[in-house]
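Questions regarding the structure given below will be posed in turn.
Letters A, B, C and D name the chains as they come in the text, with residue numbers starting at 1 for each one.
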Amino acid sequence: MFWEHFAVWVAAFLTLGIYSFLYKDNPWYKLCESIFVGISAGYWFVTLFWDNIYGKFWVGVFPPTHVNELGESVRTAQPDYWLLVGAVLGLLMLLRLVPKIGWLSRWSLAFIVGATAGFYLINYFSSNVMRQVQDTIMPLFGSGFDASAYVIIGNIVVAVGTFTGLIYFFFSKEHRGAFGFSAKVGIFFLMVTFGASFGYTVMSRMSLLIGRIDFLLSDWLGLIR
Amino acid sequence: MQYIRPTDGGRRSRLAFGFLSILIVFAALSAPVVAQDVVADTPADTTAVSHVPAPATSVVVDDYKYDFGDRLNLSWVPSIDDQIGERMVLGYIVYRSINGGEFKPLESLLPGASSFEDKDLHADSSYVYYVAAFSETDTVPSIHTQAHQPEREFIHFDLLWLFVIAALISFSVIYFIWMARAGKDLFVRKIAGLDAVDDAIGRATEMGRPILFIPGIQDMDDVQTIAGLTILGRVAKQIADYDTRIRMPVSRSLVMTAARETIKAAYQIAGRPDAYSDDMVNYVTDEQFGYVAAVDGIMVRERPATIFLLGAFFAESLILAETGNSVGAIQIAGTARPAQLPFFIAACDFTLIGEELFAASAYLSGEPKQLGSLKGQDVGKGIAMAVILIGVISVTLGKAFDIEIFNWIADALSTVFSKAGGS
Amino acid sequence: MSTRIKEILVVALVLVFCAIIYIGKVSGWMKGVTFSPAVSMIVIILLAASLAVILVLTIRGRLVGRRTVFVYVGIAVALPLFMSISQYIPISPEVRTLHDGLEDLQDGSKVLVSFDYDPPSAPELQPMAESFFRYCMDRDFKIVIMGLWPQGPLQANQAMEKVLEDPKYAAKNYQYGVDWVNLGFQTGNEFVIQRMGTDFRSMFATDYSGANYETLPIVKNVKNFSNVDYVFNLSAGYPGTVEWVQVAVDRYGVKLGAGNTAVQAPQCYPYLRSGQLIGILGGMNGAAEFEKLTGHEAKGTKFMLSQSFSHMIVIAFIIIGNVAFFMGGRKKNLSV
Amino acid sequence: MRREIPLIITGLVGIVFVVQYFIPHWPFNRMNAWFSDWFSIVQACAIWLGALNLLKISLEKIARRKSDWGYAVVIIASFLLITIIGFVEGESFRDPGTRFTWLYDFVYTPLSSTMFAILAFFVASASYRAFRARNFEATLLLLAAFFVMMGRVPVGDALTAFMPEGWRLTDLATWIMNFPQTAGQRAIMIGIALGIVSTSLRIILGIERSHLGGD
């Protein structure tokens, strides 16, 4: 019983402490900030250890055994020795702690950067360029003028917006003359896009605050039934 | 930084036209005709009036194209008693026999199913299937398929177009880098946010306050983080030149390691390796908002004069930018996450939008070969724009007035780009 | 008295006040506060009037600071929670298609619900989870729960507990393991979905509490996606709806509906147009609409009033800010 | 050598990862999964460096009695508290009822939720302070935001109830989301992808090498 009350009060104390930053930086906030930094760093430290080092590496290389109906102990999965490569890369990383050979960690860094670069080069190209270009190729008026005005205007907007938006990003040409005008139209579309995301984000953020205030007013103080 | 000398427009348009014609010809040639070997086709018995459902027909097994020989595709025409409204068939069971062995039930599917993908197979075994339709009382098997061995393929030819276009753009990037190396002048327009970097660093030096650099909150497996660090390389060199203080709290340990290497290298290039210290970069926590709480604290307590926010940002973008703004710092921000851009635009002095973030390090370096790569990007945009223009016009005319040639062009372009656009 | 001491006093007073209310709640003499419609209207009018005063002050050249804005946001969110006025909630097409898609399922169908969010996003997604469970129980659906985010399955349990508090649903007597199951969390992001396409068991050898997959009647015969009738995904980011569409829908052809935070939702609209996604609930608004369609008005609907208010406040302050800007002769160089 | 080997590794690995996309044959078909596994192992190793760095900085603060050193004690104490509990609980540390879960539910969750929710205030103050109809572009941004914000809450629909269905604020918001918003997003997405292509190529070719450090 005590622990339940204590828990709710701890949560409320921390919640209010963070909000006090809105007034100004103060010791209460600093206390909550420090607790947050310590607890969250520890949380990830523990989580990554159990999920990745133990759960992924250790269990992957040395699968646990269990006893089946016949009383034999069987492995639950085949050991995956490829994970050892990851362990080597991880160990190279930890060599940073030894100043003399710390530079070896660059090898794992180089591996990660190279893999990321290669992987995203083609992935983004396929999903962002090819897909989006293909989606933009559409009949503006539908097949044989059957589209409604709503859709026709919309289609034209999409085609023009994508085209001029790309012009804005052109680096090889100064934004002047007709080119500059198109780039300007492109910016207009970008601005509408940003406005729309802004609107949606306001909505989302307000919901979060509603959730928090609901916690304070109903779960903690019980003012709302 | 001025790179005057406009390139020859006429030649460029001819080049673009050339690219496109090649594309279109390839598209026409690539319409794939996949022959299916129809194994069994039993006409359904429609006259019998009974509760025994008709079997599934035309059961075909064929190789799953472009895999490691570990998948087969099974498809069939559903039983005619499997129709919405009068569902006599309650589902299908797929049976499989490996290397002529006993048939075993493999999978139970819902009514209406007409295909099944069998995975985790071995390329050197042969497989025979049949599909049984079942009702409440009866189970009716289809005819067996022929034995089929999955095939291994070395190259994913469905992705040929992706490869061709990606290669085209990659080569144009490399080509322009090579041209720049050979001493050709390349023009790149001014990017406002990047021209401000110098002043922003100078300002911090004058005020005697630190510079805060935030490379986003993602790890090294995000290209935006890497782009942020490459910009850090340029910025840190100037910071070393000016002898300003840099403060860089990060939320990922790998980023901490990489950032230290980056700054250290920049200080070496600037000729002041002794001024570098590991303490310039410190790890806070992996947790998004724990990190934000700490960085907010740093902002209000150390009052940096200049703040760089360059990398992958999520919800924290606004908290960081607003707090930075409230302490009166000059802020230069950039991210490729569209949802966060409005807040940077609102709260920061300069914002690099999407692509500009990736162009920044090349632009700041001022090296011709780096700038060459920006030209290559423009070729990519040119192709995208040309395809959109031609595609939209031809599909619109084609569909509106039913003109064969336009429909053909549109289909060709669409095929090329859909084949390439993986899931 | 120095400012420091004043501040400490204020904080202490607030905490003592809260403690009194808390004790009231625990001992039962505090019953909660509700504004009648008349009082609510008065509050709204007062709020509007004070905004008008701020507008007038601004026109006269006296700008309010950040903290005033903060106070108004706090008020605009908190006060409507006490009000008892209802507003008409129109149903958007994407929520209707989601509901229609669910209606098309047969009673007793098997649905997989993936909880891909954590507590910070719960205000938006928890109401969706709860009303989705209620709907499932109304239709006697069998519910299989999983999560791609570590905290997702915990949220699912909370939602289930909440729904079962209602005697109507407690009477349904949903048996764990038979009518619903929580398979827990698995690391691996979209690779989890991919491997589930072949075999659920390879990803979830046991359920949340460690019971063996084979011993759970509800999933005993569930091998892969072809044995579930519908997948519902509650998503707050990566991995989430985009991954479910790309892997589960594109490769395995599942029927997918989704609930998203409002920030995520715009990214998913393209999938809606292409039909890869059968309906979407976007943010609190989506939750409220779904509650209306399923006939159980709960938190989503209640929170919508706060949502409306807070949007109005933000818009009001944008207007006030712009008035200040135009009255000030565009002196201040503010970047937009 | 300290510079060259990393450059070669980056280049080779980069090329292999481009090529794997087009080759369904072993081992290329497994590379994605391998990389995701390996990366998570490296990440879990690297966090030791981060955690030690956090502790080192905090300890230095305490040792030198820098201002606010008391908070450094709090950081260390809370870090050690959750870490020790987490390791003692074993692999099922996340199960309900453990002490780790208690800390997660009543300390970590309120803090992160509140920090997340503080955005609501900042979003409002940013709107008030920075969203000015300074020029045509800014006005467009404002208008789009206005219509979407109004169109997504019941109030907006109520205000335009006099309009026929299909012409209300809700519908306008939907139109903005479906068309102009899509166009802008597309242009940004295509640009980003090309930027990534060129950045990746610079990295693979070894032109961009600052992240690999000096000698």
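The criterion applied here is as follows: a residue touches a chain if its C-beta (ideal position, glycine included) is under 8 Å from a C-beta of that chain, and two chains touch if they have at least 3 such contacts.
Just so we're clear, the structure is a prediction, and the values are computed from it rather than from any experiment.
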| item | value |
| --- | --- |
| Chain pair that, of all pairs, has the most C-beta pairs in contact | A-D |
| Farthest-lying chain, centroid of Cα atoms versus that of chain A | C |
| Identifier of the chain whose CA centre is least distant from the whole-structure CA centre | A |
| CA centroid of chain B to CA centroid of chain C, Å | 29 |
| Separation of mean Cα positions, chain D and chain A [Å, integer] | 4 |
| For chain A paired with chain B, centre-to-centre distance based on mean C-alpha positions, whole Å | 15 |
| Residue numbers of chain D (touch at least two other chains) | 21, 39-40, 42-43, 46-51, 54, 68, 108-109, 111-113, 115-121, 123, 125, 127, 129-131, 137-138, 141-142, 145-146, 149, 152-153, 177-178, 181-182, 184-185, 188-192, 194, 196-197, 199-201, 203, 211-213 |
| Touching two or more other chains - residues of chain B | 162, 166, 169-170, 221, 223, 226, 254, 257-258, 261, 283-287, 289-290, 293, 301, 315, 318, 338-339, 341-343, 345-346, 353-356, 359, 374, 377, 380-381, 384, 422-423 |
| Of all residues in chain A, the ones touching two or more other chains | 12, 18, 21-22, 30, 32-33, 36-37, 39-41, 43-44, 47-48, 51-52, 55-56, 93, 96, 106, 109, 112-113, 115, 117, 120-122, 124-127, 129, 133, 135-136, 159, 162, 166, 169, 190, 193-198, 200-203, 205-206, 208-209, 211-212 |
| Contact graph of the chains (line, ring, star, complete, other) | complete |
| Sites on chain D touched by chain B in the complex | 21-26, 29, 39, 42-43, 46-51, 53-54, 57, 68, 108, 111-112, 115-116, 118-119, 122-123, 125-127, 129-131, 141, 145, 184-185, 188-192, 194-203, 205, 207-208, 210-215 |
| Partner chain A, residues of chain B touching it in the complex | 6-7, 161-162, 165-166, 169-170, 186-189, 191, 220-223, 226, 254, 257-258, 261, 283-287, 289-291, 293-294, 296-297, 300-301, 315, 318, 338-339, 341-343, 345-346, 353-356, 359, 374-375, 377-378, 380-381, 384-385, 387-389, 391-392, 395-396, 398-400, 402, 410, 413-414, 417-418, 420-423 |
| Complex contact set, residues of chain C against chain A | 7, 11, 14, 18, 21-22, 24-26, 30-34, 67, 70, 73-74, 77-78, 81-82, 120-124, 126, 150, 187, 205, 261-263, 265-266, 270, 283-285, 299, 303, 306-307, 310-311, 314 |
| Chain D residues touching chain A - in the complex, by the definition given at the top | 2, 5-7, 9-18, 20-21, 30, 32, 34-35, 37-52, 54, 68, 71-72, 74-83, 86-87, 91, 93, 100, 102-121, 123, 127, 131, 136-138, 140-149, 152-153, 173, 175-194, 196-197, 199-201, 203-204, 211-213 |
| Touch list for chain C against partner chain B, complex | 66, 120, 197-198, 221, 223-224, 226-227, 229, 237, 246-247, 250-251, 263, 266-267, 335-336 |
